[in-house]
Amino acid sequence: MNDKRILLVCRIAPYGNSLARESLETALAAGAMGAKITLLFLDEGIWQLVGQHKPETIGHKNHAAMLSALPLYDIEQVLVDQDSVDKRNIGSAELSEIAELIDGHRVKEIFADHDVVLSF
Amino acid sequence: MNDKRILLVCRIAPYGNSLARESLETALAAGAMGAKITLLFLDEGIWQLVGQHKPETIGHKNHAAMLSALPLYDIEQVLVDQDSVDKRNIGSAELSEIAELIDGHRVKEIFADHDVVLSF
Amino acid sequence: MILHTVNKSPYSSQCLSDCLNRVSAGDKVILIEDGVYGATIATDALPSLHSFIQRLLASQVGFYTLRPDAEARGLEAISEQSAFKLLSDHEFVDLVVEANKVLNWY
Amino acid sequence: MILHTVNKSPYSSQCLSDCLNRVSAGDKVILIEDGVYGATIATDALPSLHSFIQRLLASQVGFYTLRPDAEARGLEAISEQSAFKLLSDHEFVDLVVEANKVLNWY
Amino acid sequence: MGHQLICDLRLLTSMKFTIVILGAPYTDEAAESAFRFTQAALEKNHQIYRLFFYHDGVHNASSLITLPQDEIQPAQRWANLIAQYDLEAIVCIASSLRRGLLNETEAKRFSKPASNLTPGFKLAGLGDLVDAAQQSDRLITFGPTS
Amino acid sequence: MGHQLICDLRLLTSMKFTIVILGAPYTDEAAESAFRFTQAALEKNHQIYRLFFYHDGVHNASSLITLPQDEIQPAQRWANLIAQYDLEAIVCIASSLRRGLLNETEAKRFSKPASNLTPGFKLAGLGDLVDAAQQSDRLITFGPTS
């Protein structure tokens, strides 16, 4: 049962609400435990991957810095939904390279391929 | 200064979040103090006026019952935005009679006519 | 089969349409909490969502509303006339058991 | 003049368009918190909101974003190129003073 | 015999659920929805592997919430269900500290003057959420309504 | 003389603000936005007629919130500002009781084992919000972000 593939879906923009940070903390905890986990940035979650954040202006920790820790934690896959990126008129050049772009068809496959989903 | 006309804008649907209830409690407090207050239901707030609520199914107090206390508290005007009602395909027959329907033009006039706005 | 829950009103939030864009044939969608306002979608209100739901119904996507949440808001009559079947809390649990997994949209 | 604040992203919430539907000529709109994502509205993303804002600009509605919130999210460059003028916290206070009243959309 | 058969069939489909609760009581309907779902699952003879209170959901465990006597006391209602069915109710410790919810150990550790975690709830780390995702047959999240 | 003139002009436009805070710290950016706005208004020599913490905003006053030492302690930060400028910071009593935020009087009244309201904040009723709307030159609400 420990082989279950966990999908963590992040649909929350950073800084406005702490859920974005809490979703990443969950991902890091899963990575630290050696769980098989995929991270998928969807909808507003893609803002976590856009731009040079300067959150000290609003008294926050840098979200991008937390993201950069992901590879250290053996997260299997980090994915971002192309449709969500296109809808917001963001070029892939502006996106953090930490995540792999996938199309809408692949998003549905990712849903199907995992055993359990943590939704944020 | 005590003559200031207060507009209380309610844009929140009942039950999902306590803000809808808290906006009404603010209106009742204003009424009890004899403040000059207008209540305007806008956007999702109009759901407060629709249908026969049975909130005991989800362990809540009845919102409509709170609304019916408004006339006892000398609230000057209780208004509801026609555009918000139309957008949701609700006939005026289904609306609580406690509120007077006004059009979008009048909504802007109401904004202009009041000295201070409490937004919920 | 994936069971999707949606808890926000389509009149204030993109949540329902974000969900429907990722639903596959055979999946099920249940509206809960403020999500039950979605059961009011008719031809005139939110027409594009309405026709989207019609197309999904044709590809065997199931639509449900949680009865206690609909009743609390006085929407059970509207829901009965809609494509959204009313379910009790117990039937909601059955649907979760029947599904392979649950995806929560909020 | 009424100052309107909007704190939600137009990609997830109807908040901005609910606000713009009730703005009068001469009013001002400031995007704060997650509202600053609204500064990315261009011809291709959310075209109807974009043209709505163009029309409102023509009737002397002023558009602003709160700089610290835009900077936190890495959006100050996008905001600078948009119709939304960046304001500091102090300038935000000045705008509130200048307005007759404030209406907060959230 | 008939009764025996029904019981066996039920057991065959009895599943282990984990319920993730992200909303505070009163403010948000998520807490109420999660409670009703948990109760309904138990009434259908399913097992609750774990209740996991995260984000603002940690306020469900507050012993200081004070409501009129005719209203449901959220923490006590959970505590009763937890005791009745011997459930494991984990409150994320990181979320709790950040929201002012402490047990006696944490209150002492951080020299805070009081603790406010209702007995029956246990503070623990996010590992317990990941473990629950791995070990449960079904996981459902009740997200914020607002 | 030049300096005097500047001061006088400032005084002419000095306004009485009321700030309404509806979001909890950490969870919601509203608390941070409200704090920055309050600070900026004070720096521009405006007066704060009242801070009114309502809905989840009441958590701003919690004395039990525990953050890493390098992070800003929200209640203490408010308390410092309140002390420095002698501000009136009202926490809605009805919202507070329902969210588990009590001062010593309320804790005793309801036989609760602890209180958790940070000194500097005062529990009071919604009348103080209505009064603030009547008495202030400007009122601004920082609503929940989520």
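The chains carry the letters A, B, C, D, E and F, assigned in the order they are written, with residues numbered from 1 in each.
Here is the rule we use: a residue touches a chain if its C-beta (ideal position, glycine included) is under 8 Å from a C-beta of that chain, and two chains touch if they have at least 3 such contacts.
Values in this document were obtained by computation on a predicted structure and should not be read as measured data.
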Smallest count of steps, each to a touching chain, taking subunit B to subunit F: 1
Chain centre separation (subunit C, subunit D; CA means) in Å: 32
Subunit D and subunit E, separation of their C-alpha mean positions in angstrom: 40
Computed distance of Cα centres, subunit F from subunit D, in Å: 25
Residues of subunit C engaged with two or more neighbouring chains: 7, 11-12, 14, 18, 33-34, 68-69, 101-102, 104, 106
Residue numbers of subunit E (touch at least two other chains): 22, 26-27, 29, 33, 36, 55, 98, 139, 141, 143-146
Shared-contact residues (touching 2 or more other chains) in subunit A: 15-19, 43, 58, 60, 116-117, 119
Chains touching one another, given as label pairs in label order: A-C, A-D, A-E, A-F, B-C, B-D, B-E, B-F, C-D, C-E, D-F, E-F
Touching residues on subunit E, where the partner in the complex is subunit B: 26-29, 32-33, 36, 71-72, 145-146
Subunit F residues within the subunit B interface of the complex: 20, 22, 54-55, 94-95, 98, 125-127, 129-131, 133-136, 139, 141, 143-144
Complex contacts: residues of subunit D adjacent to subunit A: 7, 9, 11-12, 33-34, 37, 40, 42, 44-45, 67-69, 71-75, 77-78
Parts of subunit A lying in touch with subunit D, wherever the complex brings them together: 13-17, 43-44, 47, 50-58, 60, 87-90
Complex contact set, residues of subunit A against subunit C: 9, 11, 42-43, 83, 104, 107-108, 111-112, 114-117, 119
